[in-house]
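My questions all concern the structure below.
Should a chain be cited, it is by its letter among A, B, C and D, assigned in written order, with residues numbered from 1 in that chain.
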Amino acid sequence: MRIATLTSGGDCPGLNAVIRGIVRTASAEFGSTVVGYQDGWQGLLEDKRVQLYDDENIDRILLRGGTILGTGRLHPDKFRAGIDRVKANLADAGIDALIPIGGEGTLKGAKWLADNGVPVVGVPKTIDNDVNNTDYTFGFDTAVSVATDAIDRLHTTAESHNRVMIVEVMGRHVGWIALHAGMAGGAHYTVIPEVPFDIAEIAKAMERRFQLGEKYGIIVVAEGATPKEGTMNVSEGEVDQFGHRTFTGMGQQIADEIHQRLGQDVRTTVLGHIQRGGTPTAFDRVLATRYGVRAARACHEGDFGSCVALHGENIEMIRLDDAVDTLKQVPVQRYHTAQAMFG
Amino acid sequence: MRIATLTSGGDCPGLNAVIRGIVRTASAEFGSTVVGYQDGWQGLLEDKRVQLYDDENIDRILLRGGTILGTGRLHPDKFRAGIDRVKANLADAGIDALIPIGGEGTLKGAKWLADNGVPVVGVPKTIDNDVNNTDYTFGFDTAVSVATDAIDRLHTTAESHNRVMIVEVMGRHVGWIALHAGMAGGAHYTVIPEVPFDIAEIAKAMERRFQLGEKYGIIVVAEGATPKEGTMNVSEGEVDQFGHRTFTGMGQQIADEIHQRLGQDVRTTVLGHIQRGGTPTAFDRVLATRYGVRAARACHEGDFGSCVALHGENIEMIRLDDAVDTLKQVPVQRYHTAQAMFG
Amino acid sequence: MRIATLTSGGDCPGLNAVIRGIVRTASAEFGSTVVGYQDGWQGLLEDKRVQLYDDENIDRILLRGGTILGTGRLHPDKFRAGIDRVKANLADAGIDALIPIGGEGTLKGAKWLADNGVPVVGVPKTIDNDVNNTDYTFGFDTAVSVATDAIDRLHTTAESHNRVMIVEVMGRHVGWIALHAGMAGGAHYTVIPEVPFDIAEIAKAMERRFQLGEKYGIIVVAEGATPKEGTMNVSEGEVDQFGHRTFTGMGQQIADEIHQRLGQDVRTTVLGHIQRGGTPTAFDRVLATRYGVRAARACHEGDFGSCVALHGENIEMIRLDDAVDTLKQVPVQRYHTAQAMFG
Amino acid sequence: MRIATLTSGGDCPGLNAVIRGIVRTASAEFGSTVVGYQDGWQGLLEDKRVQLYDDENIDRILLRGGTILGTGRLHPDKFRAGIDRVKANLADAGIDALIPIGGEGTLKGAKWLADNGVPVVGVPKTIDNDVNNTDYTFGFDTAVSVATDAIDRLHTTAESHNRVMIVEVMGRHVGWIALHAGMAGGAHYTVIPEVPFDIAEIAKAMERRFQLGEKYGIIVVAEGATPKEGTMNVSEGEVDQFGHRTFTGMGQQIADEIHQRLGQDVRTTVLGHIQRGGTPTAFDRVLATRYGVRAARACHEGDFGSCVALHGENIEMIRLDDAVDTLKQVPVQRYHTAQAMFG
């Protein structure tokens, strides 16, 4: 059998572990070969591919962040318009099965391909942990670990200076990273996109801490956090001469408000890209490897139109239909439980 | 309500996070108070207890390894013989519910107490991840991370010296740490207690690597690994003048055999106690906190004779009966999958 | 003897190790006692002090970032105006020697006190490594380690997305952190305050990389970097309604320019406060401890008006005069050597 | 110019950074080329060499532990007997300068070569920090960091179980790693080869801690520690059937003695090879890179028979004579200072 794989969308620690899992399983268990398309869907359209051998080089990528195949984003319309070329490229290269690794958008593309007759097995990938019907996606644990390590460091500097410290973490649509990093880091308030925040309540929580004699406060803010309607003016930033928006992130905006309300020294740290780069945690390496192994096996079982998923301790196959269309959000109940710990 | 807690058996990163979760939830959600018995069951027998306040001190223990309550081991017979004193102590201190945190032995004790009328909610604790009916126990992820970090380091030194390197990790009865650390660390062979090993096969796997031009090999050995009957003489060690057994661990014994068979330079590293000490990973801090929160709530719901457990993304209550008597072992199928990756 | 200490200016990993070194040495070697003034010079003026005992609590602070005494900044004029109160406070508390721990400004204050008859021994403290006449100051190694760890993570994400990635690190006046983190992190260009940058040269260096087939570039920028006159318009930002400057840091401004010149995707990460918080590296713990030990001994030797300093392997005493007035800058030669490695 | 390099003796984090520094400097500053001999002196004798290009592959090795050239040990007699072959090999390959990277033994070999007319520039390499006339050697900071991290973890597990915990670290002849890791890790006693230990004194120090109400103790033992004559029987171990000595390390022997004297639970952790493997710290990457740069320049300056060395902030050239024959030991005074902190 001849399997192809590609990585699409934002990079994520563990992508290379998945690729390694596919290559080694295909080779060792089935004597199959694997090729990789470069730079995501674009590479499939343009037939940019490399042979992936089961050798020392593949072995070494386990620890490496990013993706050896490169990644990219392609507009769904362009992708769909190229379906004939995609099919021709796969046929010419003798590909029997395709394993796209990516987030919700990529899996939607995978489903569309499957609906159009391409034998596809999806692997969910998202730092944000927002893919439906799977307990965890690889990369999430690494992102939470990096964010938690940063919060650990900020505690002592905040305390030494009697400051409120705001940490903006990734999460445009869901608050999983903020929720877990906030809980692991012992934050005193956490703001997630799923629950619009009330700036007065946040300020009050900080005020209460200072009244109790505490010297500082840590607030974790998901980048996609939004205020309850009518409670805070939000700046959308301005567009400069190069078309860049001089955007002031939500973390900084909350900082300004709290400073104004409490008169307290407030500082913001935006963690940014360090959350998605670098060596994956042991947890993510195991999860990603198992995803890769299972996906390679699913190809050989002919289980197409499917997607690997973590359910408890087991990697199971679900239908691509069940992985897309809905983002997995933080349940409100879970958020309120966490908030009780943050106080 | 007045809740008591204690930690028993080997220490484990995350114990303090559980204690913090209990104290803060009891206080913030229910206005209840919490006391801690020191040094495990022994402290309960001897009424050694401290009040645990919901303050800055409790807040700070989240990151700290070990247990602020101390721990200990007590023979079940002694413990059972003291049941009247235990009951009297709990009554005198006005305790309405007891949350013992410990491994299979501790949970067995908890069940026995529950059967004898003490209102008990158990929290499973084991580095080894061998408690039945829960996906993961806290401490396991930290142990795997420490072991993986060590394996990462050993790759380059093994390679520079053309060596086989053996890493002995914890796991007397089950091989979860070896399995996960071996997979995360990209080991080339892994030996677990559940599957007796064939020394000839291990040697052959290493030999094959050298024949393929690889320069080194990494073998992860769980301390409880045992050879297939009749395949290798195992030394039980000798007892010295102080009653200490000059025990040569299984890692070293495998090293000696491989050296003899292949003539290759073989070195052993026994990771030992560093796997169980120190700051818990973000994953373990979240899991332990959630266990503590859930256990405190179960007390207030009157859900006794129970035990918290992780099922997928949720913390659920199971019966203590379902947590004890059987150790959760690595399924043989899962081991063989992993071994394919190790080759 | 009765020694007082205080920490002033920005916090720095290792401050607590110095305090511990002072307390233990004073107690164990000389039977002396130590008090700490809180919140820097302000606490000395207001006589806010705590007794520091040589016990388990002092022992534990070795690993803790920040400063258990708190810190603060005080305008030199206010400080000097309060000299009589300072002297009275020290006399009332029976203080025989004062050890202020701080940066260039603090040491200047210490020198002024010494000139006015207060028995003072200074300890240099600066993340930035810019105190004159000492090889290294504690906190610097930790900051470089945190920055290097971040750069390590950014390599793979930059490469996966074919990006130029800019990392803004601390260093308003000197480029030591940028120089060392850039060299340790394998950056491809580094910009420091000591050498005004030519944006065209930076852009050309990145262009050359892409022409050679490299997929990405990493640029480390010290926050105090400035362009060669006339080579780039620098935005000073605007002041918003709360008096906050909506400042776009130099990292982002360089990013905008490079994006405009090369059309390449460029992203910026501002590391900020995580560089100064958290557990010190082993190197900084040793250095800070040795500084504390030496300062306590200097007090007992009556060597006042002095300052501890690292020279090669030895901690030596220098005069406060020799520690202040000049910042230790990166030698231009050293920068050009490094730049050759960055290419 | 055509430069050759090789790595000899035990591996050490930072070796690859030196190699990278040599290759890039030779190429970028001088347009020279570099070859690497494999497996140490043996490779020079057998003419096993590879061309080292100034490309992306060299760039990536900065973070990698071990040595891409492999290493080995060769008896000085064999080496000296092969001098004609060495010279012939260097001539055939057109080598103008040789940079051997290694410890005291390697540098002695380098000096002998220089005395016999080979143009040599040495780079000192030792985990143990025992090369004369240089402040620090790369690899040492990484080893201390790994050991300190382990000690950090052992504190909490020792405390939870009321144990004395012994940590055996590297250092057969000198105690630098033990001294620094003991100081950084807040150990309560440290034993180094330079100062024979009195087991009664160690036991008393632990006893005093327990009497003061402390619950545990941490003792750091360099592997080469030896008792004062007549104070303790030391086991030399026995030789088993495969010629392996079933050696009980000094850490374990001290543990047995303390257990016997105090009746306290005592455990030993032998850190072993993890101290010398893996990614170097930022400090070591900078130091190693600078060593490599300086060595390449010295070749072009014709400064042979020399060796790079760190003096304060500067990399300077010393004569090979001044680097060999004497090991740099821990000054007794420095040890006693440290011990005061350990109490």
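Keep this in mind: a contact is a pair of C-beta atoms (placed from the backbone, for glycine too) under 8 Å apart; a residue touches a chain by one contact, two chains touch by 3 or more.
Quick caveat: nothing in here was measured; it's all calculated off a predicted structure.
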Centroid-based (C-alpha) most distant chain relative to chain B: C
Could you grab the centroid distance between chain A and chain C? Build each centroid from C-alpha atoms only and quote it in angstrom. 34
Report the inter-centroid distance (CA atoms only) between chain A and chain D in whole Å. 41
Using CA atom averages as chain centres, what separation in Å is found between chain C and chain D? 30
Residue numbers in chain C touching two or more further chains are 152
Write out all the pairs of touching chains, ordered by chain label. A-B, A-C, B-D, C-D
Touching residues on chain A, where the partner in the complex is chain C: 7, 10-11, 15, 64-67, 70-72, 146, 149-150, 152-162, 165, 215, 240, 242, 244, 246, 248, 256, 259-260, 267-270, 272-274, 276-279
State the interface residues of chain B toward chain A in the complex, per the touch definition above. 21, 24-25, 28-29, 56, 59, 62-63, 135, 141, 144-145, 147-149, 152, 180-181, 183-186, 214, 281-283, 285-286, 289-290, 293, 311-313, 337, 340-341, 343
